[in-house]
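Going in written order, the chains are labelled A, B, C and D, and every chain counts its residues from 1.
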Amino acid sequence: MNFDFSDDQKLLKEQIARFLADKCPLKVVRRVLDGNEAFADEVWKGLVDLGVPGIGIPEEYGGLGLSPLELCVAAEEIGRVAAPVPFDTSVVLATEALKLAGSDAQKKKWLPLLAAGKAIGTLATAEGAQTPRPSNVRTLFGGGRLNGRKVPVADGEVATFAVVLAKNSLVLVELAQKGVARKGIETIDPTRKHCELTFTDATAELLGAEGEGWRLLERLYDAAAIYFAFAQVGGAEAAMYMARDYALQRFAFGRAIGSYQAIKHKLADCYVKLELARSNAYYGAMMLTDGGADLPLAAAAARIAATEAYDFASKENIQTHGGIGFTWEADTQFHLRRARVLALSIGGPMAWKDRLVTRLEQKNAA
Amino acid sequence: MNFDFSDDQKLLKEQIARFLADKCPLKVVRRVLDGNEAFADEVWKGLVDLGVPGIGIPEEYGGLGLSPLELCVAAEEIGRVAAPVPFDTSVVLATEALKLAGSDAQKKKWLPLLAAGKAIGTLATAEGAQTPRPSNVRTLFGGGRLNGRKVPVADGEVATFAVVLAKNSLVLVELAQKGVARKGIETIDPTRKHCELTFTDATAELLGAEGEGWRLLERLYDAAAIYFAFAQVGGAEAAMYMARDYALQRFAFGRAIGSYQAIKHKLADCYVKLELARSNAYYGAMMLTDGGADLPLAAAAARIAATEAYDFASKENIQTHGGIGFTWEADTQFHLRRARVLALSIGGPMAWKDRLVTRLEQKNAA
Amino acid sequence: MDFNDTPDEAAFRKEVRAWLDANATRKSDDKQSFRARNDDPELLAKAKAWQARKAEAGYARMTWPKEFGGRGATPILQVIYQQEESNYLVPLGFFDIGLGMCIPTMMAYAAPEHLKRYVKPALHGDEVWCQLFSEPAAGSDVAGIRTKAERAKMPDGGDGWVINGQKVWTSGAHYCDYGIVITRTDPGVPKHQGLTMFFLSMKTPGVEVRPIKQISGGANFNEVFFTDVAIPDSQRLGKVGEGWKVALTTLMNERLAVGLPSGGLDIDELMELARDTDLDDGPAIKNQQVRGKIADWYVQQQGLKLTRYRTLTALSKGQTPGPESSIIKIVAAPKMQDMGAFAMEIMGQGGIMKEQVPHAAGFQAQWIGGAGFRIAGGTDEILRNIVAERVLGLPSDVRVDKDIPFNQMGKK
Amino acid sequence: MDFNDTPDEAAFRKEVRAWLDANATRKSDDKQSFRARNDDPELLAKAKAWQARKAEAGYARMTWPKEFGGRGATPILQVIYQQEESNYLVPLGFFDIGLGMCIPTMMAYAAPEHLKRYVKPALHGDEVWCQLFSEPAAGSDVAGIRTKAERAKMPDGGDGWVINGQKVWTSGAHYCDYGIVITRTDPGVPKHQGLTMFFLSMKTPGVEVRPIKQISGGANFNEVFFTDVAIPDSQRLGKVGEGWKVALTTLMNERLAVGLPSGGLDIDELMELARDTDLDDGPAIKNQQVRGKIADWYVQQQGLKLTRYRTLTALSKGQTPGPESSIIKIVAAPKMQDMGAFAMEIMGQGGIMKEQVPHAAGFQAQWIGGAGFRIAGGTDEILRNIVAERVLGLPSDVRVDKDIPFNQMGKK
């Protein structure tokens, strides 16, 4: 039984954690919240120096060629500090999409740039406030040209390219061209910038075979669900300990509020959800690494548990803080916002629960 | 604003409450639990003497001709003591079915007997462990003959007649005939006896028009949902106060367990659910009395809130009691069992929630 | 059982409606609002004008005695007035704390000449009052306040006090003229015993108001700093050391003021969203998980509305309402938070965007505002304690600070 | 990251499997069980025989020192043995408390001659032990026990004790030969200080065992009454007044013993039911509310199983497991109760019938048994306290009884 990360992986985790604790305290997240930066540049550069974007990229494409497990530990630490960097977009979604569906030429072109932090990629699927379905996606690709509108797109304003869902296919489109208009939009989480992308006869190319978009997206989301789960586990743990620390030092009626069962049991519930999420995330990581048959089921379980854990911890962290936790000055808000963005960005829990049961039915039928 | 029962209704409520407190303490329920009685005969007789079965029956049919409000207060008190009597079956389901769908001849024959407690009626819809639907009901009526099997049927062993769902119609069948076989079955609540009824060319007659069964059943269930909601509110309140009283006298670590927030907040939640249920039940009672357009919606809301309140209070009453609450000797079990029987007998919360939203859609479309 | 007025109530309602028709504009639908933003100075002026008109007509505080501009009326009449007024486009909300909490406290404790001076301007909207209770280290535990008041001579030689400290979460302090403030005058006795209440002008030198920006972006609350604020002893309310008793009067009035949260998005808008929005397998409204949630929240929404009707029934009958209204915020606050979050989930990834679909920003505001609503005016936890103790008669929490002098209370 | 054995573990597993194949019958599928009913006397005899065979082969308590019949092995080997054994049709469960809690307590505190006398028969299943701790007035608060032990001379003139009182919730007392019992020897000191532990034969005159019937119908627990039960001082474990320290040894071993609830119905059976059962609108499995619940419970079920694997990983590496296993019963108990209730709801009104559909009785047993599981071995509330205090480092509840002599503790 070896259901844990290796010592090397733990060392990498500590290294990243140390870097982020030093360079990405929550005041950096606040700077992005209140300012106009696309993301925290120096944090991103540091992560690039540590090799994070290249962790999952094979050595032949300029990456470190490490396993998904190494990327999972990075995700957890980045999630823990709610780092305002294009990790979820570039390192997870775009990189994994290329690995999954890219032609050799596409991989040769983009993966080394992604690994070196010289390109930022993103994924664009939604077209407004509705779950994209084959019947409602209006963005079209044909004759090498892409037309349509995608919103919200995380990091779209600074991304080098986007992987775009066009009807039933994925296409890769470089964003610095005149067929692409980018407009920043407001969202609930100003620490992760989003935009609207409008394509007007933009030059683009298929990523993967034509008509395979939904199938590829499902596989991409399974991988992303697991990496996101680690980010959510990290964030949930941070929010829980933020609440715990406050509960130890805040006094009401002559004693620490952490001595009241209402607070104690609330935080115990945080811990319970966190450990359920962690265990499910570990299994997802293992399946991702082994390409195990349980991968789709494990991904769904990891996603559901982690979303629940982060949502709950981030909400109850504010509740534990009381009034001060609801002020703009409080650091509680970062986890609340990020939890919601991560919860919705690759489909919410309702969708994943349905998916989980479908996969369970398939497994039982097999 | 007069959203309350009248003084006369409250007087009736007190009268019934006094009678039940005296004649139907939980040791009577225990007697039925451990024994072989069909129900607590002396309690039933006393309720008949008080006129309870005739409350909702018009005077021309030998009843008291009172409004649904009077039957609601009776239901609350009967629910409070978890009385082992055929109230839900005979007074609510069978009586209301006759009032709703009976021909004048049928009403003339049965309502006076029901009012006087000389007949007991019941309703038989289920055919095993599945929600009855047009596609799965196998019991058939034709040429005055009924064939099929209904299980579980509450009070079926002692009922004079049953209202039976036969394919798409309701029929009335007298049970003391050779075409009817009755067999007692075990259920989770031995304080309310159930049986299996098998019909073999049993003589029966339509109740309401042919093919109208499902529509009638829906209206019958709306009325029943409201009376049951009052019974559930009564039961939930009793379970809550049983827990409260125990929490005041049980000590752990040198103080009453009712001084711990885990217990305090649990019981506060009981109270919150109880008051939501009570308010929704009141509105149901008002709609039932006025025949208001909101009746279907109010019935569904009353049913959902009351089921939730009783379920929660009966479970957490045991939890508050700890080990002693899980023993056969404890009175906590009566509410746990009864809550579940009432929750499932006319459809569980999931079904009612779907129904509620359908009705909300209809209302909004209107 | 009905929702009808008694004959007297009906007559009064008719009178009110006629007066409102003559003096204000009826809303075109019940979702319309005055879009009150407390930081709009023009709005305050309008609100003051409306308050003045209302007060002149005798509708502003009908339950007050006639000598103070009221009618000595039963609470139900006041409720009827408010019900009717809510159908008109008028600016409200600036005077609730002053008239609901501060002035009643003044009536109970202030000298006759002060009442003569302050009640009428407050009632007529000329002067706005705020309540200065909460502090950074005293939220749920109001009696733990640290703002000090020490005896001092006033420049005119009279007896007075000097106040130093900080208040927080003061609604409307930035536009208020007066406030009542609770202070610690004796740190050497147990915490409830060393408090004293005062009232003061918010323009008194040394009073500084700073708005608090909330996570939601709003800034309706303030921090108020007191630096050597000198006030005469005549502004004391109640005896020295009996401030807690005075505060209880104020807070009891707060409890009476709690109503249903009104306006905002609710079931109708959620149904609309679910009808108009696709999930993976079709319109959200067809999904049984969505239907289940809608049903649960509908039952809560109705339950609260109907519970309120039970309270009004008691008022209408001249009875004391039961404790049922204590459930309102316990239910309404998490419902607000959860419903907002769920609506965002229905919108998918796009649920994070502000102002892309009709109610997106509204549901997001509920989600984020719900987190604050679960805290403001009594946290979920404090309210459950109150229900458990006052309604169910369970014992209070163990109080370790009861008999210890305030300045002896160690943190560890 | 994998679920594989180390080479040593794999070799051991192979050895165990070979031994089990030679000595027991393999289950045909993993849902099959021995249908253990603790009150079947024949079953006990079979269990004793199996225990003896196991002990002879050195598998009964591998972590114990060799002198006591163990192998001085690491815990992971014991876990591997148990994993393998669970695939065979063998009667288990009678010796867990004795070998897991009582005998380790004896090892820590009993005299060498007593260890010589008692350990081997316990290990070999010849003698069964029970733990006599809980009392009617001392459940969560074990240290609040009232059963008295008073010094007395034995008939042979030796020093001894006379025990009077009542224990409750004693598993298996009706078939046990020996027990360890905690008593109050000094009511004049604070409650944790006046306790003393003993062991005794359950056949000692004055010991009376009565089964407790539970709501679920089962009767695996007992009340045990002590009426002038005389035992020699040599049966004392630990010093007089230090019984709490001894009890903590016992209870710590209980914590290590907590595993996953195994057997019973779970997701597979719920899916089967949902597939085969119609709701109003078709097969239950198509209903998104049903799917949502299945998904939630699957995530919990998997989460607990995988959390257990994390613990086993630590054991396999020779490390001390983290606190993660403390979540198991907090999750598993309400899940059992809720899933049972939900399965009944799927069956509609017929959900109340016993034994009409394949799993009806099983789900009903979960619903009703879950209520007990939420209490037994630490209530939901106590377990959350433990997580909050031991894992998160939050303060303990205020203890009003800490320094008060036991006999001075008034009820009000």
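Just so we're on the same page, a residue touches a chain if its C-beta (ideal position, glycine included) is under 8 Å from a C-beta of that chain, and two chains touch if they have at least 3 such contacts.
Remember, it's a predicted structure, so these values are computed and weren't measured experimentally.
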| item | value |
| --- | --- |
| Far-end chain from chain A, centres as C-alpha averages | B |
| Result of counting contacting C-beta pairs for A-B and B-D, higher pair | B-D |
| Cα-centroid distance, chain A relative to chain C, in whole angstrom | 40 |
| Mean-CA-position distance for chain B and chain A (Å) | 51 |
| Set of chain A residues in contact with two or more other chains | 255, 260-263, 265, 350, 353-354 |
| Residues of chain C whose C-beta touches two or more other chains | 287-292, 381, 384-385, 397-398, 400 |
| Residue numbers on chain C that touch chain D, as the complex places them | 287-292, 398, 400 |
| Chain B residues touching chain D - in the complex, by the definition given at the top | 125-133, 135-136, 151-152, 185-189, 194, 251-255, 260, 262-263, 311, 315, 318-319, 322-330, 332-333, 336, 340-341, 343-351, 353-354 |
| For the chain D and chain B complex, residues of the former touching the latter | 134, 136-137, 139-141, 144, 168-169, 212-217, 277-281, 287, 289-290, 337, 341, 344-345, 347-357, 360, 364, 367-368, 371-372, 374-376, 379-381, 384-385, 397, 399-402, 404, 409, 411 |
| Touch list for chain A against partner chain D, complex | 1-6, 69, 240, 244, 247-248, 255-256, 258-259, 261, 263-265, 267-269, 271-272, 275-280, 282-283, 285-286, 289-290, 300-301, 304-305, 350, 352-354, 356-357, 360-361, 364 |
| Residue ranges of chain A in contact with chain B within the complex | 260-262, 265 |
